[in-house]
Structure formats: structure tokens, C-alpha cells
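Common to both upcoming complexes is subunit A, partnered first by subunit B, then by subunit C.
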Partner chain A sequence: MSLAEPAALPVAAAVPPRLHIVTRFTTRFKASLPAYLLLLPSLVFLALFTYGAMGRVLIDALYQRATPKAPLRFVGLDNITAVLADPAFTGAVINNLIYAIGTAVPSIGLALLFALALARTNVVTSALRAALFLPVLIPMVAASALFLFIFLPNVGLLDYYIGRLLPVVPNWLGDPDIALYAIMIITIWKNAGYYMLFFLAGLQSVPEDVMEAAHLDGAGPFTRFRHIILPELKPTFLFVTVIAILNAVTQVDHVFVMTKGGPSNATNLVLFYIYQQAVEHYDIGKASAATLLTLAALMALTALSFRTMANREGGA
Partner chain B sequence: MLFSRRLMLGLAIAGTFASAIAVPAMAEGPTEIDLFFPVPVDGKLARDMGTLIKEFNDGHPDIKATAVYTGSYDDTLIKTRASIKAGKPPSAVIMSANFLLDMQIENELTNLDSLIAADGSTKDKFLGQFFPALQGNAVIDRSVYGVPFHNSTPLLYINADQAKEAGLDPNKPPQTWAELTDWAKKLTKREGDKVTRWGIAIPCAYDYCGWMMETLTMTNGGRYYNEEFGGEVYYDTPSMLGALTWWSDLVNKHKVHAPGATPGPAVSTSFISGNAAMMMLSTGSLTYVRENAKFNYKVAFIPRNVRNAVPIGGASLIIPAGVEADKQKAAWTLIKWMTSPEKSAWWSRATGYFAPNMAAYKTPDMVDFLNKNPDAKTAVEQLDVAKPWFATYKTVPVRKTLEDEVMLVLNGKKQPKEALVAAQKAADETLKPYNAETSLKLP
Partner chain C sequence: MKLIDQLYKDAPLATRNEITPKLGFALTLLLALAWLIPFLWMGVATLRPASDGINLMAELMPSLKPTLDNIRDAWEIGDFPRYFLNTTIICTGILLVQFVTITLAGFAFARLDFAGKSLIFYLFLMQLMLVPVLLIVPNLRIIAQFGLYDTLAGVMMPFFASAFGTFLMRQAFEAIPTELEDAALIDGASLIQRIRHIYVPLSIPSFSAFAIISVTSHWNDFLWPLMVINSPDKRPLTVGLSVFTATAEGTQAWGTIAAGTLMVIAPLLITFLVFQKRFISSFVTSGIK
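Let's look at the complex of A and B:
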């Protein structure tokens, strides 16, 4: 961009309007050619593996077969209407909302708590940081397999200890009222350590002199936290929230391993619904339509958060 | 998007592997074939498969078979469909026996009749090698589409030590639902309101739950689905209502079965740890129980209410549609070799599944094995009353409509009757497009 700007300006001033556009375009293009060339490798891969697939999904979402042996035909927005009318999809959306809020809020809260407690670096805090970060290193699939045994009714680790205190031992993954919360616990356990890293980094940027000044002015720990640390951490909060919500939509490995969306669809999340449509129902049209809807929601969310971040950097 | 991206990545990786394997082969000349195989139960199946394929390659210098591990039964279906779509189908696949009808409806299977005829054999002679119960899932519209490879039936497992302790004779296992209910009551241990040992455990997770419902419905005289036509299921029927009500009573009325849905591994762990005195589980778990139970156990037929009957489970060998002629021939050689009496018997001993080929049980090694492990015999004897596994148009979603409702009943959230009405309605909705094209397509 900085290469293109100075070259374009004098031309724009000198030539008549028609020629002006063409020349401006070619000059600009020439000037920014190296930039495009440098971008080319990533563009090729993005086109192949991201935009190509997205385009394919867009096309697939517009076609459907009326009966199993009938040929594919263009149905326009019918697939999207069908998905929106499917109670399993609305159920999955509601589950996903509960799941997103129920995992984002506690894991961010815990992450902030951990970060504040372990902000200073010494031997003990380093060891504790490593311990809290450990769940992040365990692959979700492996963690789910572990938790499958922890949650086993009667014989699992959880029931072995907690079961003694409760009058009736719950069937953690087999009861539709509890299963989603059991799944959420794993996500919180796994992600809190990860978000802690961002808060630790954010805490480094809290200016030392401001803190010292506040200290001298007699501000207590809570006042310093409320009026200095929290405002300074605002961008971190925003970023971590977006990441947490994206995770809530894109990470469903534990649903695959532990519940397959059951019992009775209680843990069915949107991405798993898409998988079911594509694989179990073998309905590529509906799966693509649901993918498009999810994609649109995620893009809207990302755009919104980027705008908020840009506003912050420009204005506040 | 994620799904497609993952799929494309998977295909790209699979493609790279395939070409890597293909290059040296072209120089030598043997026909290259891939066999997709799933590992549906715990154990060392993948290693056993390696041994089997190596032996085949050593004995057939003109064919080079490669065994490709493809995950669970469901994953194997996904990967097979993806490779058919990509135009590079594997030459043979070990496919869950109840997916065959669905694949045939989608034109994804090779009709094996001509390969049988080319051998100078007939359909009846070829199928005659296998237990009659297995033929239902291999034959569609009077054509052969699959060859039974390893199969199972559900069994009743009993902790013999706990039975003796409760004053029951494990050598006379319960034969009817009434007897089983009585046993379960006597075997359940309570401390106040809290149950410390359950009388019986029956698995209910997607896939297993439908299979157990079919088992209970069949022992209650029912059919579950139309064996001759893929567009009908019989959920809202007296036989299934009786089956589901009994299961629900074990949980909610007699309180001898843990509430909620319990997946297969949780059921077997509970049994092994002595936490459940009896369980209904696949014969495929027999080897696992034999190796891990620290107590005496007994296996028995699934008790009846109306008649003795059980569905089969397991997998068949298939050739996907679109495999080139020379590969088809090579795959057929592999399939016939793998299902021959000797190999069938060897695989059965290694895995715990029963051997579909009847002649396998006449091989000397197998006779020895059964004498040493009489519990393996029960599974084979039960085959006399076995029937096909449910298979309909869109088998998995149609099954899931029932399973979701059964899970609600086991959690005490719905009554059996209203659950079955809801399941029937949802299943009929899923089956509608197929019926529109077949039974309701009128002149």
C-alpha cells in the first residue's frame, strides 16, 4: 500500500477523467504487483482449501434430490428453509447458545483469576502456570476418552468420590438434563489454561508507573483492579471472548467421542448436526445449508468484533 | 465448511498415500487392491488383520492387497462414500451388515452375481456355505451384494459367583422375561434407597440401543422392520410396546436396572467390576469378558417373552460400485479367501466374533477351541433362532428416531406408548421419499 499511494496521486491530478481511471489502475497494479506475488502462495492455498470448499458448499446448498433415485435439481433456498424448520437444528442452536455462554463465562472468569494469582514470575507460579496449561496440551479426543471413564456411572472416578455424598448417583452422560453440563465441564477444564495465557500477556501491558502512582495515592488492591487493570485488559477480554465463542462452535470432538449428540439430542451442537446431516442422513444439500448458516453467523460475529477492536484503537 | 475442508484434506492425504503405494507396484505388475477395514470392538483387531493380509499376499503373487484401517463402522461408511465420490473407490470394504441396503439404494455397491457365475457356481450354492440367518443382510432383491465376514448376536452374561451367593443356580440361567426379572430383583443390592449393585444392565447408546430394542422386540414376537422392503418400520406395535414397557419397568418400577442411557463400554465395565450382576451384550465382547473377568461367568440365550429370536450384527465384505474389472476380480479372490472355512475360523478365534462359514466349525482347530471354551458355543447355538439386522432406507436416522425416544423413556421423561408413537411418526417422515419412489409410486 505504501508503495502504491505516492505513485497514484500525481497521475490523478494531471490526466483527464477517462484515461485517468485506466492509468491509475495500471500504475497501481504495477506498483502493488510485488505485494500480490508475495501473497500468491497463501492465496493459492486459501483458494484451494478454504474458498474453494466454501464455494462448493454454496453450490451444494442450492441442490437437492426429491427421491433417492431422482437426479439433483436446483431448489434455491429450499434447503435453508428446511434446515430452519428442522426442530433438531433449532435444538442444536439452543444447545450451542447454552454451551457457548456456559463455557465462555466460567472459563474466562477462571482464566482471569489464574492470571491475576500467577502474574508474578517465580518458581512456584511457573510450576502452577505449567500445571494449569497442561489440559491445553492434551488432545480433545484423548481428554474425552479419559472423561468417558471419569463419568462412568457407579464405577467412574467421579462417582467413586462424589457418589458417596449424593443420595442418587447421577448418570452423567446418560441423562438428557445433565449431559450437556457434563460436556461443558470438560471444555472449561480444557480452555481455562489457554485463556490464562492471554490474560498473563495482557497483564504485562498494564503500565507499572500508573500502578505505582495509584499505590502512592492510596488506592487499595480492589480499586487498582477495578480502575486500572480491568480497563487495560479490555482488548484482551474482547479477543478471548471471540476465541471462546468460536471454540464453542468449532470444537465438537468430545461430542463425537462421548455422546454422539445424545441422549435424545441433549448434547447435539450445530457442527455435529451438520455432520449428522452429511453422514447419517447423507443429505449434502441440508448439510451445506446448515454450514452456510453457521458460517454466516461466525463471520458476522468476527466482523463485529474486529470493528469493535478497530473502533477502540481509533477512537478510545 | 469445516467438514468439507477436513474431508478434502483427508482425500488429499489418502490420494498421496495411494499414489505412493501405486508407484512401485506398476513396475512389478501385480494387481493393486485396497481393503478398507474398521475396528468396531476393543482389542488387537488391526494387528490380526495385518497378519491375515500378509498371508494372502504371500500366497497370491499376482495380487498385492493393502489393508487400510478406517476407524469405526460409521467412519468406514463415510470414507468409502468419499472415495466413491472422488472416483477412487477401494476394491473391497468390510462394511457393517446393515448399511448394505442403504448403499444399494444409493447405487454404491457392485452386484456380485456375475462374479459368482464366473466361478461356475450358483447363488444358492455360494450362499449355502453361510449360516441362513446371515443371508438376509447380504441379499437384496434376490442378488448377492455382500459376503458375511464376521458376525455376532446379543447374549445374556451372568456373574455366576454373585448368582450363587443370591441362591440362584447359574447352570439354569433365566429363560423367560419373568425369570429374568426375578433374577434381577434377587441380584440387586441396596443400602437404603441407594443401589450398590444392579441386577441387570442393557446398553443404550446410538447404534447399540436400536440393536437391543430389536432384540427385545424379537423375543416378544415382533419384527422391528420389514425384512423384504426398506420403506417400513414397525415401532408403534404391541410387540415393541411390550418390549419397551418391560425395559422401562426394569428401570422405573422394579428399579433393578440403572436409570438413563448407558453406552456399551460402561455396561461391560460395570459387569467386569461386579457392579452389575447380569448384562445383555454382543458376542463380540466375549473375548474381552473372558480375559478380564476375575469371577466365574456364564453366558446364555437372550430370554424370551413370546419366542426365542435375536438379530445378527457384524459386517460383510463388499465391492463398491465403480471398481475396474481387474481389481474387481482380485478383490473377489481376496473376499473368497477371507471367508473360506480356515481363515474364517482363525479370524473368529482371534476376535470373538463367530465365523459365518458353517464349515469353519468342522475344522480341527475350531473343534479344539470350542471344547476349551464352551461359552463360545452358546453364541453359535443361538444362531438357529437368529434373524437379519434391521436395514432400511437411511438406516441410521430411522434407527435414531427410535433411540432418542427410548432414551427419554429410560430417563423416566416419557411413557412408552407416546414415545413409540413419536418415533413412528419421525421414522415415517424420513422414509417418505423412498416410499414415494417405490410403494406409493402408482401407475
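Let's look at the complex of A and C:
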């Protein structure tokens, strides 16, 4: 007994803290229970349609059928290599890059111009802001229906007023060299008014007294713009750029209505390619692989922009 | 020139004679007018009689003999009342469920302390980064597994949880003084009663901002309902309009297309013109939806 006793002591001593941890954990859980119940409805749908969907993409990207009726079989990374080797996909990625730059830069530039010109609030500027904002509200499908006629060869709005001044009337949506740019015009028309709102909000943080001090010192409008307004708008620029790039990837309704990716894939964008693979070719494996690649690219972009934003705030 | 002077009368005296801001304003004015041309054409073409022929279709001067024939044709070809009903059901259904989910989750983040709070917060934040539109393929598979393919419920379901709305409500609830809740607590009000009678009534502006964003974005959704819906009588407005446009384009009935488009966007435009300020301030908060 006397020999066993010392050995028994540490064991006896070890039990209470462990019990303590368990009870602490259960009390903490009990205290948290109301919060979990409140979060449950949201978490169920997030689990299904965000995280479940992510898992689904990861799994589906690894399987393929040899023929449409054949059973699914594990193919590893074959779908991803197949997508990367598909000229339609690489073409869509290149189109999407051109489209992203070609819509983001002009629409952000125009948005900044609009915001600077309409920063003061009065009856006229409010009316102009509303006019520029109208396209933001309407469905992309409705905008496409209107622009189908605007771009119509010979009798359409563009050719009726402008086209006849050109030596050769271009076939706006039918010419593979022009169609992507025609599509971009719609996007710029539709989004510039949206981005304008963020610049208008950003301009409010430009300190009025600094502006006044600057032109008392003889700084002209360009100097004030370059050295006071632009630095103040940097976070807005970053934010709007991220949204513009996200829009360039996710807004493809006009491609569907106006060109269906044609002529000869000239206006095929990544999301439309994904749609085609899934709905027209029933190729879930390839559609999932393409989704996965796009998601990875977009997440890298947002992570990068969050880091830049955090750095900037930390540095300031 | 006098008009422009009028616009700059509140600008600092020293800058009033600068020419660059005025040039910028003039350019913006021109572009704003150009921005309205598609809408102008839509209105003019809707009222243009078919007898004017295809060559005058682009003319922006209104016809002297306006007609409602195009509206009648569009009404007969497209099943617009049905599309309206479907879109209204989709938007209302999504919004009602979202109101419940974002209120409860927003309250949990704003007022309760619980284990794993930051982890769960990041789970919500990730939804903003994952861009739900891109997940159409896996979501379609999940909806089909639930037997909701070709149903309006299937169109609505992926949007029932909203990270954007949750963060918006969290912000609104955090601004409400805790004293109000403490008073209710002393009176014996339960958690749900406190949310229902204190937090919700005091956050109506945030709810309406969220409602504007949610309804306009789902009113305009196209690719997702296009994938989920198969039967013509379940199409929402956007899908209906795209089918209608494709049909009418074949017969070159541009007046009818203009009339159909007008019918689809008129409700949104009228609501916007009535509640302009609310719309604008809501969209500013919507950066990422």
C-alpha cells in the first residue's frame, strides 16, 4: 500500500484539471448555444451553397465519363489539363483579360470624371447623376436587347447616325475583330454610373481646408487633382478596380443574348465557357475544372487586394 | 455661360474662373445625354407605327402618329404577366427568408459572445470572396439532388443566406444603445422578443437599404434562373425577355422588342425615380454583395 500510494497521487492529482477543462468547455458551449442557434439558418445555407458547392466542384473536377452513358471514373487532374489544353478555354481566358482591362480602365476613368464634375449637389448635378445611374438598374438582358438594335448593321442606331460617315460600315457584332469591343461598350455604359457612386463617396473625404489652402498657394486644378484628390482616392480606386474585375468575370448575360460567344468564339468569356460545358456539352468534369481555375484566380486577386488594403491602412 | 456660373456659385471664389472644371462638366453633360440615348430610342421606337418601315426605325425624332400597337404585340407574344409574377415571387421569397437569416446572424455577431466567433465570421466573409455566380454548376447539381430542378424554390435557395446582409445588420445593431435592451431584459423579455421589438424596429433604414440591393440584383439575375428553369411558365422576366427578344429578332420586329424591354424595366425605373436618394445611398453600401 505504502508503495502504491505515491504512484496513485499524481494520477489522482491529474484528474481534476482535466475535468475542469471539460466542464469549462461545456459551460462555454452552453453559453454559446443561443448564438449558434441564431447562426444556424445562415450556416445551413452557407454550408450547402457555398462550402458544399466548393467541395462539389473539387470532387466533380476529379471525375469524368468516357462516354455520356458510361459510369463516372476517377481521372485525377486530367480534367484540368484537358481544360488548359482546350483552345476554347484559353481563348476565353485571353478574351476575358482583354475584356477586363478594356472595360475596367474606361469605366473607372469615366466614373472619376463624372464624380469630379458632379461632386457638388444641386438640381442639375442630381439629374445628371440619375441619368448616368439609370443603366446600372436595368437587367443586363434588357440592355442587350436595346444594344442589339443599336449595333444592327445598316439600319441600326449606330449605323444610321455614325456608320454612314465611315468609309466601310462595320458589322459591329458579326466581325470577330470588333465584336468583343462592341460588347465592352455595353459594359462601360452599364457600369460607369455604379463606380461613379464610390468616387462621389470618396470625394467627400477630401478635406475642404486643404483644397482651399492649396489654391491660395496658387495650385491649379491639375496640381490639386494630382497631389490632393488622387492620394485621397487611392483606397476607392483599389476597391472599384476589384469590383470592376469581378464584374468582368461574372457579368456575361450580354454575351448570351447578343453573340452566344461568337462569331468564331471571339466574344467567349470564361463564365460563358463554363455554362456551355455544363449545359450544352453536359461535361460536368470540364465545367468544374474551369470553375475551379477561375475561383482560384479570383480568390488570389481578392486576397492580394485585401493585403494591399491592410498594408496601406497599417502604413498610414 | 450664366447657367454654368450659377452651378459654381458655391465654389471658392478663387476657383470660379478656372476653365478646366467647366470643360469637365461640359464633357460630363454631353456624355450623360449620350448615356440616355438607348432609353430615348426605346421610348420612341415603342410608339413608332410599323408603317414607318425598317429604315426609319433608328430615327430618334418621335413619330407624328404614335401608336400603342407595339405594346399590344409585345403583350400578346410574350407572357409578361406570368414573368412578372414569377420574378416577384422569386424576389419576395428570397428577401423574406434573407430578412430572417440576416437578422438572427447579424444579432449574434453584434451582441453575443460565443466560442469560435472569429472563425465563423471568416466563414461568412468567404462567401463574399467566393462570388456565388461562379458556383452555378455545383449549385445546379445540389438543387437537382434536392428535387428542386425547374422550380422557383430552386432559383431562390442559394441566396437564402447573405453575408453582405449579415454584416449590414451587425453594423446596424451595434449602433443601438444596450440600455434599451437592458430595460427590456429587466422586464423579462426573451431573446427573440428583444430582437423583434427593439432591434428590428430601430434598424428599418438598414433593412430597406438591404431590400433595395437584394431585389434589384435578383430582379436582374439571368444565368442562374436560365439554368434552373426549364418550363416556359416558370420563367422570370429576364429569361422571358431573352426568349422574347430572340423570337422577335427573327422577324425584325424592333418596335416590339423596344416595347417588351420597356415593360420589363419600367417598374424598376419608376421605383428608382421615386426613391432616388435611397437607391443611391444603398448602392454605395453595396460594394460587394
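Simple rule for what comes next: the second predicted complex is superposed on the first by the 275 of 316 C-alpha atoms of A that agree within 3 Å, B and C clash if a C-alpha of one lies under 4 Å from a C-alpha of the other, contacts with A are read in each partner's own complex, and residues count from 1 in each chain.
Here is the rule we go by: contacts are C-beta pairs under 8 Å (C-beta built on N, C-alpha and C of every residue); 3 or more make two chains touch, one makes a residue touch a chain.
Keep in mind the model is a prediction, meaning the values are calculated, not measured.
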After the subunit A overlay, clash or fit between subunit B and subunit C?
clash
Which partner does A:Y275 reach: the first (subunit B), the second (subunit C), both, or neither?
both
Per the contact definition in the header, classify A:L113: touching subunit B only (first), subunit C only (second), both, or neither.
second
For A:P167, is the partner it touches subunit B (first), subunit C (second), both, or none of the two (neither)?
first
Tell me which partner touches more residues of subunit A in the superposed arrangement, subunit B or subunit C.
C
Please indicate which partner A:A53 is in contact with in the superposed arrangement: first for subunit B, second for subunit C, both, or neither.
both
By the touch definition at the top of the document, which applies to A:P41: first (subunit B), second (subunit C), both, or neither?
second
Of the two partner chains, subunit B (first) and subunit C (second), which one does A:A85 touch, if any: first, second, both, or neither?
neither
With both complexes overlaid on chain A, does A:G262 touch subunit B (first), subunit C (second), both or neither?
first
Can A:L295 be said to touch subunit B (first), subunit C (second), both, or neither?
both
Footprint intersection on subunit A (subunit B / subunit C) at 49-50, 52-54, 56-57, 148-149, 152, 155, 250, 271, 274-275, 278-279, 287, 291, 294-295
If we count contacts the way the header does, which residues on subunit A are in touch with subunit C in the complex?
28-29, 31-32, 34-36, 38-39, 41-46, 48-54, 56-57, 60, 110, 113-114, 116-118, 120, 122, 124-126, 128-150, 152, 155-157, 159-161, 189, 193-194, 197-198, 200-201, 211-212, 215-216, 220-222, 239, 243, 246, 249-250, 252-253, 256-257, 271, 274-275, 278-279, 284, 287-288, 291, 294-295, 298-299, 302-303
For subunit B, which residues are in contact with subunit A within the complex?
1-5, 8-9, 74, 77-78, 81, 102, 105-107, 193-194, 198, 204-206, 258-263, 265-266, 269-270, 273, 275, 393-394, 396-397, 400, 403-405, 407-408, 410-411, 413, 430, 433-434, 436-437
Give the list of subunit A residues in touch with subunit B in this complex.
49-50, 52-54, 56-57, 65-70, 148-149, 152-155, 167-169, 171, 173-177, 250, 260-265, 271, 274-276, 278-282, 287, 291, 294-295
Subunit A partner contacts - residues on subunit C that touch it in the complex:
7-8, 10-12, 14-15, 18, 20-21, 24-25, 27-29, 31-33, 35-39, 41-42, 45, 54-55, 57-60, 100-102, 104-105, 107-108, 112-117, 120, 123-124, 126-127, 129-142, 157-158, 160-163, 166, 191, 216, 219-220, 222-223, 226-227, 237-239, 241-242, 245-246, 249, 254, 257-258, 260-261, 264-265, 268-269, 272-273, 276, 279-280, 283-284, 287-288
